[in-house]
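Paired with chain B in one complex and with chain C in the other, chain A is shared by the two complexes that follow.
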Partner chain A sequence: MTAPASTLTLDLVSASLVARFPDFVTADARPGFSGFIVKKENLVEVATALRDEFGFDLLSSVTGVDYLAENKMEVVYHAHRTTGGPGLVFKVQAERVDPVEVPSLIDVWAGADFQEREAWDLLGIKFTGHPDLRRILMWEGFEGHPLRKDYKEAFFEEETKPYKSRWPEGNHTYAEFKNPFRDNLNLPENFSLDNYQPQTEDQLYFSLERSSQKHDVGREKEMGDHMVVNMGPHHPSTHGVLRVAVELNGETITSLKPVMGYLHRNHDKIGERNTYLQIMPYTDRLDYFNSMANNFGYAIAVEKLMKIPVAERAEYIRVIMTELSRIQNHLIFIGMLINDMGSMYTPSLYAFEERELILDIFEAVSGARMMCNYFRFGGVVRDVPEDVLRKIKDLVHDRLPAKTDEMERFLNENEVLVARLKGIHVLNAEEATHHSVTGPCLRAAGVPYDLRRADPYSVYDRFDFDVAVRYNGDMYDNYLIRFDEIRQSLRILEQALKQIPGGPINSQKPQYQVRVPAGEAYGRVESPKGELAYYVVSNGKPNPYRYHVRAPSFVNLTAVETMCKGVKIADFVVLLAMLDIVMGEVDR
Partner chain B sequence: MYGKGILKGLGVTLKRFADTYLDDISWWLQGRKRYYTQEGIAHRSSKNTRGIFTVQYPEEQLIQPEEFRYVPFLVYNEGAEGKKEVRCTSCGICAKVCPPQCIWIVRTNDPNTGKPVPEPKNFYIDMDICMNCGFCAEYCPFDAIKMDHDFAIASYGRNVYNLEKLLKPASYYAEIRPLNYVKEEDARKAKEAAKAAKAEAAA
Partner chain C sequence: MEENKYEGLNLPNYNIPEDIQNVVSVTTIDRLYNWGRRWSVWPLMFGLACCAIEMIAAQASRYDMARFGMEVMRPTPRQADMMLVSGTVTKKMLPSIIRLYNQMPEPKYVVAMGACASSGGPFKEGYNVVAGIDKFLPVDVYIPGCPPTPQALIAGMIKLQEKIDKQSIKKVRWYEKGKVDSNYVPMPILGPDLIDVRRSAEFEAAAVKKEGVA
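Let's look at the complex of A and B:
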């Protein structure tokens, strides 16, 4: 009896996929690259087969690469199985002539929605069949696609860092002295300021209206006027500058569209200008609560490309630091959730106390409380001193378990909190996987998908821990699962602190210019918010050719409309808090 | 019983409220000061802390760990007659490794031969752009640029520091980072000894 395709290993999947579609699936044979190249016309067919026959139910990432020299645009998809195992990469190539057209996969995986919009916005790849292909990070009316290799930003200085003007004749000048109206401003042809009509937000409201007609809640459309409310971008409980346009029928949400990009700085483009090492401190600023986890993902991606091992002691230090950061992230989540529900400050400040002690440790080892910049390729910057290690042990063995218990005693049974959270549906397993939601939200919906188990990286396969999972998928489960995860992190920490070996903390010599062979790599870690992944393409030069961040907060937001349709507006802020988004990561 | 959970939670708050004063009272009975002393601050940021967690900034300040980093400075050795021997050789590694490219170095050229001299003519760091990553200090081969501990640099204008403003003596460096200083000095002495031994063997 042959095994069903959904349990095949990756090699067998490759073989059977090529056998199944011999005419339009070919293996990617470029050195350093992996996966398949699918013919554009048959993309939807192949993707459906991958989902239904081969079991790749979670689309992790969609992104594009601009191969300017070959006059090609490539769209790269990473699909995973929620049952675990390595991911599958497949690519579509299109001629680089405007418009670059690729069929949309939104009907196969709804999680492609925002990521396709991002690829359209930044790279100008048009996804045919996407119902709502608007700009997402840049503002409406923006001219051009900034991630294209021939796009130059204002104050453009040079293609890559280090800039030649800094040394040896580095006389300081301010960037803004290069007046944008003289130097670096590219205006579209026939542009005249007198005739300029700013684009309005009609498209946003049109899409809001269409989406409410498509899934009319209770067919009450005729019964009353619908009202559009703009929440944000400065609503205090939106965790940053997120704006949400909501259409309401009375108090019930009929459709909802998040508007983001207020904090956008094109992290990807900055990364492509930087050298490999220079990106490291920038990753700190993505999800500024978990700079250690961000460093981790990027270090893994580049180490995969460089094919270097990581020093044994450094692996343990990395695990210890990321687990500590997970604990403080979840504590802050709990505190801020209560804040969002209107109980200002007492619980959140209790949470901040423990966070303070954890940040003290980060400061002692890395030099900064939040922007740690602690990881290097092959290890970490500096060793953890013995007294700091003892401090961590004290926290892990004595203080944190007791304080977690206290927090639970403080809140879990509170009748008001339970009444507010219990039974309000967030996501079920199908909705969550379909929308590429990862992290605690997916696990609270009953899918035990945790990268530390599903596709173990670093030394996580040496620890004994459980994947926290809850099955109701309501807000109360989403809240409780954070406590479960804190306890599991403490378990990992206890073992890591016991097992940590001595020895060097970096397998490489310290060097500021690393050699990275050509190829691609996808490094992913389980960040506290979900699956954080970096897609890096190298062409052998000192700077990455393509650098893309698959930010969990951004992708998780794809599901926010599904989550909120049909609920009362008062629950919206709490539902949004459940996703635990950080705008530094959403807007990048 | 409805409301039991709320009462339980309030119990935690009440305990926290009591804790705020318990330590104060016990320290007072022992005749120790819990506020405005190093001992008190250290206790309040240790794992045994309870109650009031905050420090009364600016009268009190948290104890900075040695590795704390905030904006770079240049180190000079104090030579004879107060001469400043700048360690920097203007090799430009810090300017190359700097992620936001905020370091600007003018190299000195010998006026007669036109060849570069290992000494910076001027050195600018745009502190408004500096992101305190610490790469410059990490990769400097001459231990010439180090990260500072002084974080109170707010000003009304812009902060472009030149060579004069960036220079701080090696004794200051030894004061803020004693362990690192000793480690580096030992490494330097070992290197010099090895070099001398090699020269002797060659002679």
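Let's look at the complex of A and C:
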């Protein structure tokens, strides 16, 4: 190889990758699919080469697809470079026997940790070499792996929607009436409560450090006064229903494991039963602060599959809405962060005041404050009327910059706040990329990786803006970068509002049932929380064969253990706030 | 509905001279009791999903639930009067919700906010979703919407106040003798699926039947 790795284009990468591993890397030749199929025995070797020689330092997503008819399971990896450029897809196929085994990539990219656990939980793919392969979204002891194609939910009616019971025949009955227990219940045969032993949570506690060192006789005394504390799922500061098991030595955290799934609403499984358009409102409910950004990613994924253009005006509307959403999200972040630091309510009330104004705009264009369901394939659903545009202009030119200034003036030099935040380490660049952290936390660690620049989508390449980046990686930088991003968003908005053309708002005719050719697509956007991506596999039917959400909040949480080891428990709450997680997205 | 309308503390048809209206009130024990309770419903600070964000918005300055005496969100169930189930109830979360409910002292109310808490909503068919909190807890008010707007939430809260107005201290369940725990809900078990222990006999019967067939 002559060129430095980071300047290689994707074609060159493909060529040199196949040349480097001719025996166990082949191109994925299925129509509509791309990337490589790697032999599972050599997966770790190839992945290491990709990271070290080809510069793919960020593992974006790991997920599985169950090809029941072909009797195999596929694990799909998406790797990116933090220097920018398109991503690389590679896949591993395994025989669909019990258990399905694939080597774990956790040693190559630590960001694989939770995603592999998720694939184990929902698809039953066993990642050999994973040190802590427990269920992650469902509870230990749950029967079955729900995302397998042969798993049927208790309220199962038909493989795909629209259901005949509702349409066109329309003899709707309650789902409850079809289940023997008249409830959402799937009990195994011969289940009896008398001789049932509920699972305990031992495994979780054993995964904490203390337990693994228990048998270390010399250290027993030293470890003696360690204490395990459970925070959540009902805890006022964990931003919803997250639970963490923390092991403490005095006030210092020695080990920590997040426990999630308390809001696991089965987006993936429901999505596979829905038609393409029916999924759109579900994406609203992922990160419920930013329904516009969620719509964006999904629309891009499906448009890629359908190979359709997006109407020019709609592109601008999309950008405007997403950037407004980002401002609103970061304002709430600041309010909530200060809330978590103990200054209850007042700062967040300021944030909510501005948020309401932005929600008014969303309501005016889409009809809903939070769950906008605004994007359609090829455009958006309704045009933005002239008076709403004027309202947006007022906000962007006058009100929001002034209010951001005001907030900065109030807060950024506040001694208490600065003392509380400055110098407390969150993540450095290496830790962040290794754990696949994206979004503001990665940029505050000094990595200028922003998809709007790194792999521009929509019309972001037409705007003049800077990628907000800070270099200390401490809490104060993580906090300040939100203000930087608000300012950049305002810059983008100003330009977008000036440039927005007239014309149609959708390149397609409005339709309920879109025709999507077979293939796969990975649509990713820079959501306010990080890289939000949708992996959609189509087999040409009206419903996606596989629909997977790569949620930034979920993947960012992988780093929480690294972040929190050795810090005081009081800082933990603030550190968690820095990640800006939303449970709807973490658990999906 | 007219006769249930809130009319203030005073009994109607008693003429109190104008100059002492601020100091004297003619009322009943029931009215006094409910008057105090209806203006100080303390919700449990507890958010489950997207609806919780609208709940926060309703607490914030624009909608300001404090006008109805409902601003004191308590993180601990022991100080709360009302559980606002604001979001999707999942099977994994349910035991925690029931534990919280059981820890709340009487008088206590449950409000199901949004489609999810009322019936499972858009996620009803999910394998990890409970189709409505009313399968386990006695719900007093249902608020439709996905999410209900803050206005709708406030309307629901006013409905709850109306319900409080109608209660009589002589009949409320929490003063009935020998019925202290009348609202205790046994904890469900997270087994192969969510198991409602109140229905164990039914499961038993189903298992026996299947064995008989086999």
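What we mean here is this: the second predicted complex is superposed on the first by the 552 of 588 C-alpha atoms of A that agree within 3 Å, B and C clash if a C-alpha of one lies under 4 Å from a C-alpha of the other, contacts with A are read in each partner's own complex, and residues count from 1 in each chain.
Going forward, a residue touches a chain if its C-beta (ideal position, glycine included) is under 8 Å from a C-beta of that chain, and two chains touch if they have at least 3 such contacts.
As the structure is a prediction and not an experimental result, all values here were calculated from the model.
S.K.: Give one of first, second, both or neither to describe whether A:Leu263 is in contact with chain B, with chain C, with both, or with none.
M.R.: Second partner only, chain C.
S.K.: Touch test for A:Glu353: chain B only (first), chain C only (second), both, or neither?
M.R.: After superposing on A, A:Glu353 lies in contact with both chain B and chain C.
S.K.: Can A:Ser192 be said to touch chain B (first), chain C (second), both, or neither?
M.R.: Second partner only, chain C.
S.K.: Applying the document's definition of touch, where does A:Arg453 land relative to chain B and chain C: first, second, both, or neither?
M.R.: Touch status of A:Arg453: no partner.
S.K.: Look at A:Glu415 in the shared chain and tell me whether it touches chain B only, chain C only, both, or neither; answer first, second, both or neither.
M.R.: A:Glu415: touches chain B, not chain C.
S.K.: Mind working out whether A:Leu277 is in touch with chain B, chain C, both or neither, as first, second, both or neither?
M.R.: first
S.K.: Counting only touches as set out at the top, which of chain B and chain C does A:Glu406 meet: first, second, both, neither?
M.R.: First partner only, chain B.
S.K.: Who does A:Met138 touch here: chain B (first), chain C (second), both, or neither?
M.R.: Second partner only, chain C.
S.K.: A:His172 in the overlay: touching chain B, chain C, both, or neither? Say first, second, both or neither.
M.R.: first
S.K.: Would you mind listing the overlap between the chain B footprint and the chain C footprint on chain A?
M.R.: On chain A, the residues that contact chain B in one structure and chain C in the other are 281-282, 353, 356, 371.
S.K.: Quick check: in the complex, which residue numbers of chain B touch chain A?
M.R.: Checking each residue of chain B against chain A gives 2-6, 8-9, 11-13, 16, 45, 47, 53, 65, 67-69, 90, 92-93, 95-99, 101, 103-107, 116, 122, 124, 126, 131-135, 138-139, 147, 160.
S.K.: Would you pull the chain C residues touching chain A in the complex into a rising list?
M.R.: Residues of chain C touching chain A: 45-50, 52-54, 56-57, 60-62, 75, 87-88, 90-93, 96, 100, 120, 122-131, 135, 146-147, 149, 189-197, 199-200, 202-204, 206-207, 210-211.
S.K.: For the complex, which residues does chain A have touching chain C?
M.R.: 137-139, 141-143, 146, 151, 153-157, 175-176, 180-181, 183-194, 196, 198-199, 233-236, 240-241, 261-266, 269-270, 273, 281-282, 285, 288-289, 348-349, 352-353, 355-356, 359, 369-371, 583-584
S.K.: Per the contact definition, I'd like the list of chain A residues that touch chain B in the complex.
M.R.: So the residues of chain A touching chain B come out as 161-163, 165-172, 274-275, 277-282, 346, 350, 353, 356-357, 360, 363-368, 371, 373, 381-382, 391, 394-395, 398-399, 406, 409-418, 510, 512.
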